[in-house]
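Next come two complexes built around chain A: one with chain B, the other with chain C.
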Partner chain A sequence: MVFSGLVFLFIFLPSVLLVYYLVPFKRKNAVLAMFSLVFYAWGEPVYVLLMLYSVVLNYASALIMESSPNKKQVLVFNVVTNLLILGFFKYCGFLTGIVRDITGADIPELKVALPIGISFYTFQALSYVIDVYRGKVKPQRNIVDFAAYIAMFPQLIAGPIVRYSDISAQLRKRRISLEGFGRGSMRFTFGLAKKVLLANVLGETVEMLGTGDLTVLGAWIAAVCFTLQIYFDFSGYSDMAIGLGRMLGFRIGENFDHPYISSSVTEFWRRWHISLGSWFREYVYIPLGGNRVSAAKHIRNIMIVWFLTGLWHGAAWNFIVWGLYYGLLLLFEKYVLSHIKLPKAVALPLTMLFVIIGWVIFSANDMASAFSSIGAMFGAGAAGLTDKLSVLALIESWKLIIVGALFATPLPAMLCKKLTDNEAGKAAVMIYAMALLVLCTAFMSAQSYNPFMYFRF
Partner chain B sequence: MKKTIAAEILLVLLLVPVIYILTGRDEVRDIDADAVVSACEPYVTQDRFSGERAYEMSVKRNFGLNMNDYPAFVYYGNERAMDVNEFLWVDAGNEKGAKEVLASLEKRKSDQITAFTGYGPDQVAMLEKAQVFNCGRYAFYICSPYSGEWYDVIKKLVY
Partner chain C sequence: MKKNKNSLFYKLYGVIFAAVIIGCTFCFVILPKNEYSSREKRVLASFPQLSAASVTDGRFMEGLEDYEADHFPARDGLITLKTEAAALMGKKSSHGIIRLDADHLAECFTEPGAQDTTELTWAVNAFATRHADSKTYFCLVPNAVSTYSDRAGEYCPGDDQNAYIDDIYRGLSSLKAIDVREIFALNKDRVDIYYASDHHWTSDGAYMGFLAAQAVMGLTSQEYSAVVIDNEFLGTLSGSSGYTLSKMDSVKVYLPLSQQNYTVSYDGEGRMAVSCYDTTKLEEDDKYLVFFGGNYPRITIKTDCGEGRKLLLIKDSYANCFVPFLLRSYEQITVIDPRYYSEDLDLQADSVGYDDILFLYNVNTLSKDNCLVSVLNNR
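After this line comes the complex of A and B, so read on.
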C-alpha cells in the first residue's frame, strides 16, 4: 500500500483515524500498532513476521541489557543480529555475486526478496538499543508501545528515521487536537501533491528518455528531471509521513530543508535526508572520533560513513560509488576549499552541478551506464547534440522543470506562511489544499506510473 | 550472565523459523491467464494493440513458439505492419522451460530491431526498451511505450 494510492486515501486512512480518535488514549498505541502491521502486511503479509521479530528482538534486548552485568555484550549481540538480518535480506545477492566474480566459484544465485522498509526500521531499532545502552533513554516496558514505535505506519516504509529519544515522551503523552489534525492533513496534502503532481509526472519524462543512446540535450533533461523527481518523491513522502504523524498527535522531525538551495555539498547534506545524516553522525561518525582526531583518521571516518551511506541506499556498486563520491567532495570542501569563499552566484550552481552528477550515478543501472550518461551530458559519446526524442522531452517538460525548480525553493512555503497570518489567508490556503487533494485524486485514478523510489531501501 | 546468554540463544532460535518461512517458500505466485488479462487491461487500452487477445497462430508466426506445448499464455499483438507493440506472457510450467522460451523472445526482439533499423527509428527505440524476462516459470515479452508500467504491474502480480 502506498500513501499516494486510492486504497490508502479512501479506505485505510479514514478507518485508522476513525478508530484511533474513538478509542481512549490508553488504547491509541495499540490501535496504531495494529493498523501499522495491517499497512505493512498489505503488500506482502509474510514479511510482517520479520517486523514482529524485530520488535521482539529489540524490545527484549533493551530489557535484558538493563538487568545484565555486561551491557556491552548485549549491545554487540543486538547490533550484530540486526545488521546480519539487514545484510542477509539486502546484501546477500550482491555479496555472493562479488565472491562469484572474484573466485569464479559456482555459487548459486541467492534470490532473497527485500522486505520493504527494512533499512528504515532496522536503523530505528538500532538507535533505540544504542540509546538505552548509553543511558539516554529508559527501556520501554510496554511491548505494544514499542511495537507502535517500530511499526508506526507514517514513517515505517520510507522514513524519516525517528529516534526513540525523540518520540518516547509522545508515546506516553501527546496532544491530539483538531488544530493538529488540520495542520497534519494540510502537510499530508502538500506532500501528496509533490509526489503525484510533480514527482510522478517528472518521472514519465525520465522514463521516456531512458538510458539508451542519449544526446547532450536528452542527457541533461533526464538528469535534471530525475534530480527534481527524487526530491519531490522523497520529500513528498516525508511530508506525508510528518503530516500523518501530526494527525495522530506525533511531532516528527523534518527530513528535508530545501536542499537544492545549498551553496556547498556540506550544506546539501545538512538539508537532504536529515534523519539519515544525523543517524550516521550520531552512531558511526562520532563514535569513530568524528573530526576530533588526526587528519588521516578524520579522512578515514568520512570515507567509512559515506561508504556506509552509499551501501545503505542499495546493494549495487553505483550506490557505493555515489556515497564515496560525496565523501570525496566533502573532504575536498573541508581541506581544499575551506579558505576560499565562493560567491553564492557561483557556489549554488556549482553545488547543483555536483548534485545532479551524483544523481546520475545514483539512478544508473550500473557504473558503465552512469559513465555513459555523464559523458553524454558533456558531449563525450553522446548521440549528437539533440534528436527528436530529446526535443520532444524538452517541449513536454520545460514548464514542469521551471515549476519544480520554484517549488524546490522556500518561496512557496514562505508565501503560505505569510498568507496564513490572517483568517482570510488561512481560508485561501485551505481551499488551495482541498483543490490539490481533488486534483491528486484525479491524477491517481488516471496515472499508471506511481513508483515510490525510496521504497527499494 | 547465564540468563543473558540463554535469552540471546532463544532470540536467535526464534529467528530461524522466521528466516525459513521468508526464504524457503516459492517466490513466485501461481497466476492464470485471467489474472494476467485483468492486471494488464488498463495498458492494453492505452497501447495501440489490436484490442483482442491473439491466438496460437500469431504466437507461432511471430515467436516460433507452439503454444500447445505450454500450460497457458496471453498474447496481445498488433494488426498494423509498422507497429511493434506486443505483450506475451507464457506459463512454461517450470523455470527451465521459461528460460528456453526466453531465448525465443530475445530472438523476436533482435529480429524486430533488425527489421526496423534504417527506416523505423521510433520502433527501434521502443524495441530497445522492450522488457524480456522471466519470473520463475513465467516468461514475458513487453514491447510498449508503457513497458515500465507493465513491468511494475507484472511484478506485483507475480511476487
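After this line comes the complex of A and C, so read on.
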C-alpha cells in the first residue's frame, strides 16, 4: 500500500487509528504489528511470509547470540542469511545477466519480483543484530514488539531506516497525546502534499519528455524536474512516515534537511537520506577504519561505501556508477577542494550541477541513455536547442519548478514557524494545511498518475 | 504560555485531520453507490470479489483502489477541483483534452506509427480495387484541435492532424479524397463546427462536410431549416477531462423544407423506423445519440428519391449526423460501423452492387481504431 492512495488515507489509516487508540497501551504494539502486516500484504500478499521469516530469524538470532559462547558465528550466519535473502530477491537477475554477458553462457534470466521495502527492513534488521552483538542494545524478548519494529508500517517501504537503538525505549514506553497526534498529522499533510501535488505533477513532465531525442532545453527540463520530483517524492514520503510515527507516539529521526541548499557534495550527503548515510557510516565505513587510516585505505573505504550505496539503490549499472560518481566527488572535495575556499555563490550552483547530473545517471534506464541525456544537456548529440515538445514542457512546468525550488529551501518552514507566533498566522497555517489536504484528496481521486519511485530500492 | 498556545493549535488540527479522514471514510462506506457515471459516460468499478485467490494475487486490493476512486464522496467535484488546480499549475491538457478557450474543449491527437498508417491505406486501397465498379471516396474529418489550431496555440500538446490527413490522402491512390479543411477554414469563425463539450462535429459542421462532399460526389442538395432541439448537452470531453464550461451545448438538426419518405432498418435487430432521429435519446445524457440512436453494425435506409443510386457508407459516429444530408441523393444507403460489424463486407458490397462507396471518419477515431482494417481485410 502507498500512503498517497485513497485506500490508505480513507480506509486503512482511520481503521488503524481507531483500533490503536481504543486498545490499552500494552496491546498497542500488537495492533501496530498486525496492521503493518496487512499494510505490507496489501501490495505483496505472498511476501508477507518473507517478512514474517525475517522477523523470526532476527528475533531468534539475537536471543541465541546473547546466550551463545560463539557470538561471532551467530552474527556471521545472520548477516549472511539476511544479505542472501536481499541478494536473491534484488540482485539475482542482475548477477545472472552479468555472468551471461561475460561467459556468453545461455543462462535463463532469473526474474524475481522485488519485495517492496526489502532493502529498508533488511537494513533495519541488520542494525539490530549488529547492535546486539556489539552489546549496544539488549535483545528484544517480546516477539510482538520486535515485529512492530521490523514491520512498522510508517517507515516500512521507503524509510527512514530506523535503527533499533533509536526506538527500543519507545517500543516499551512512549507518550501518546493529542498534541503529538496533531503535530504528526500536520507533518503528514505537508508530506502528502509534497508527494501528490509536487512530485507526481513534476513527474508527468519527466514522463512526457521521455529520454529519446532530447533537445538541449528538453534535457535540462527533464533533469531539473526529476531532481525536484525525487526530492519531493522521497522527502515527502519521509515526512509522511515521521508524521504517522508521531501520530502513533513514535519519534522517528529526520531523514532530509534541505539537501538542495548544500554548498558541497559532502554537505549534500549530510542532508540527503540521512538515515541511509548514517547506517553505512556506522556499519560499513567505520568498521573498515573510516578516515583514521592511510590515505590509500581511506580512498578504498570511501569507494567501497559508495559502491554499496549505489548498489543498494538498485540492481543496475547506472546505480553503481551513480554511487561511485559520488565516491569520486567526495574524495575530490576531501583531497583537492579542501585547500580552496569557493565562495557560496559559486559553490552552491556548482554542487547543484553535480547533483543534477547525478540524478540523470540515477534515473536513466541504462548507462547509454544516461550519457546521451547528459550529452544532450550540453549540446552533444542533442536534437537541436528546442522543439515544440520541450517548449510545451517548459510552459507546463516553469511555475512548478519555481515553487518546487522555493519549497526545497528552509524558507517555507521558517515562514510557517513565524506565522504560528500569532493568532492570525495560526489561522492561516491551519487553512493552508486543510486546503492542502482537500487538494491532495482531489488529486488522489482523479488518480491519473501516482507512480511509486521505490520499487527498485 | 507560548507553548500552550501552540499546543492548542496542533490539537485542533489533529481533531480536524481525524474528523476529515474518519468522516470521508464513513461517507464512502455508507453513501449509496452509482453504477454508472453519466458525466464520464462509463460504468464505474464494482466492489471487487473477495476470495482467497483474489487476495493472494492482489486483484482484490487493486479492485478496491479502483472502487474507492470511482465511488469516493463528492467525486465529480473533486475531479473538477483537480483539473482546475492542475491547469493553474500550468497543465495544458487533462486526459488528452485541452481548452481551446473558456467555452470550448478539444481532444488532442497522437499520431499513430507509420506502419499502422500504411496498413490502413493498403487495406482501403485493396478494398476499393476489389470493388472497382463502385466509385470510392474517402472523407477524413479533422477534429477541433486541428480546425481551431489558432485557438489551441502553437504549443498545443499532441501531434499535427494536417500532416496525418495529408499522409492518408497521399496513400489512398485508388480513391477520391473529400477534403473538408478548406470549407472549415472559411466558416470556422462563423459557426461552431464542433460541440464545445463533445468530440463530435455539430450538424452545422456536418453540413459543411456535406457541401464539400457534394462538390466531389455530385450529390443533390436541397433547402433546410436548422432547428435547435436541445439546449442541455454536456458531452464526453467535459466529463472525462474534468474541465467545466460556462454553458451547455445545443443540439441542432437540419430539417428539409420538402417532405421526403424513407425507412430506416436496424439490421440484426429487426427494428424499423421512419426517421433518422430518435428523440427519446434527448432524455439521456449523451444527446448526440439522437442521430439514429447511436452506432449499429449495419443500418439500411431506403428512400423514395427516385435517383436509383446506392451508397455503401463505412463510418464512425461522425456519420450519424451526416447521413440525413444524403437522403435526396440515394435510394438505398447501407451504413456500416466496422467497430460493431462482424460479417463479410465484400459479400455485402458484391450482393448489392453499390454505385458509390464512402468512407467517413474523424481523425481521432481513425488513428486509434483498428476495426476498420480487420473488417476490410476479412475477405
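Everything that follows uses one rule, which is that the second predicted complex is superposed on the first by the 453 of 457 C-alpha atoms of A that agree within 3 Å, B and C clash if a C-alpha of one lies under 4 Å from a C-alpha of the other, contacts with A are read in each partner's own complex, and residues count from 1 in each chain.
The rule is short, and it goes like this: a residue touches a chain if its C-beta (ideal position, glycine included) is under 8 Å from a C-beta of that chain, and two chains touch if they have at least 3 such contacts.
Just so you know, these numbers come straight off a predicted model, no measurement behind them.
**Student:** Do chain B and chain C fit side by side on chain A in the superposed arrangement, or is it a clash?
**Tutor:** Because the two structures are overlaid on the shared chain, the partners are seen to clash.
**Student:** So, does A:P45 touch the first partner chain B, the second partner chain C, both, or neither?
**Tutor:** second
**Student:** Using the superposition on chain A described above, determine whether A:Q73 touches chain B (first), chain C (second), both, or neither.
**Tutor:** first
**Student:** Which of the two partners, first being chain B and second being chain C, lies in contact with A:A433: first, second, both, or neither?
**Tutor:** Second partner only.
**Student:** A:G384 contacts which: chain B (first), chain C (second), both, neither?
**Tutor:** Neither partner.
**Student:** Is A:I64 in contact with chain B, with chain C, with both, or with neither (first, second, both, neither)?
**Tutor:** After superposition on chain A, A:I64 lies in contact with chain B alone.
**Student:** Could you say whether A:L17 touches chain B, chain C, both of them, or neither, answering first, second, both or neither?
**Tutor:** second
**Student:** Identify the partner contact of A:G93: answer first if only chain B is touched, second if only chain C is, both if each is, neither if none is.
**Tutor:** A:G93 contacts neither chain B nor chain C.
**Student:** Figure out whether A:G375 sits in contact with chain B (first) or chain C (second), or with both, or with neither.
**Tutor:** The answer is neither, since A:G375 touches no partner chain.
**Student:** Can you tell which stretch of chain B bumps into chain C once we superpose, 19-27, 109-117 or 145-153?
**Tutor:** Stretch 109-117 of chain B has C-alpha atoms clashing with chain C.
**Student:** Output the chain A positions appearing in both contact lists, the one against chain B and the one against chain C.
**Tutor:** 46, 388, 448
**Student:** Flag every residue of chain C that touches chain A in the complex, lowest number first.
**Tutor:** Per the stated touch rule, the residues are 2, 6-7, 9-18, 20-22, 24-25, 28, 55-58, 61, 64-65, 68-69, 72, 75, 78-79, 81-83, 85-86, 89-92, 95, 154-157, 242.
**Student:** Using the touch definition from the top, list the residues of chain B that touch chain A in their complex.
**Tutor:** 1, 4, 7-8, 11-12, 14-15, 18-19, 21-23, 25, 27, 42-43, 46, 121, 125, 128-129, 146, 148-149, 152, 159
**Student:** Applying the document's contact rule, which stretches of chain A touch chain B when the two form their complex?
**Tutor:** Residue positions touching the partner: 44, 46-47, 49-50, 53, 56-57, 60-61, 64, 68-70, 73-74, 77, 81, 85, 88-89, 111-113, 115, 207, 210, 212, 388-389, 448-449, 451.
**Student:** Spell out the part of chain A that touches chain C in their complex, as residue ranges.
**Tutor:** 1, 5-7, 9-11, 13-14, 17-18, 42-43, 45-46, 178-179, 181-186, 188-189, 201, 204, 388, 391-392, 395-400, 420-421, 426, 429-430, 433-434, 437-439, 441-448
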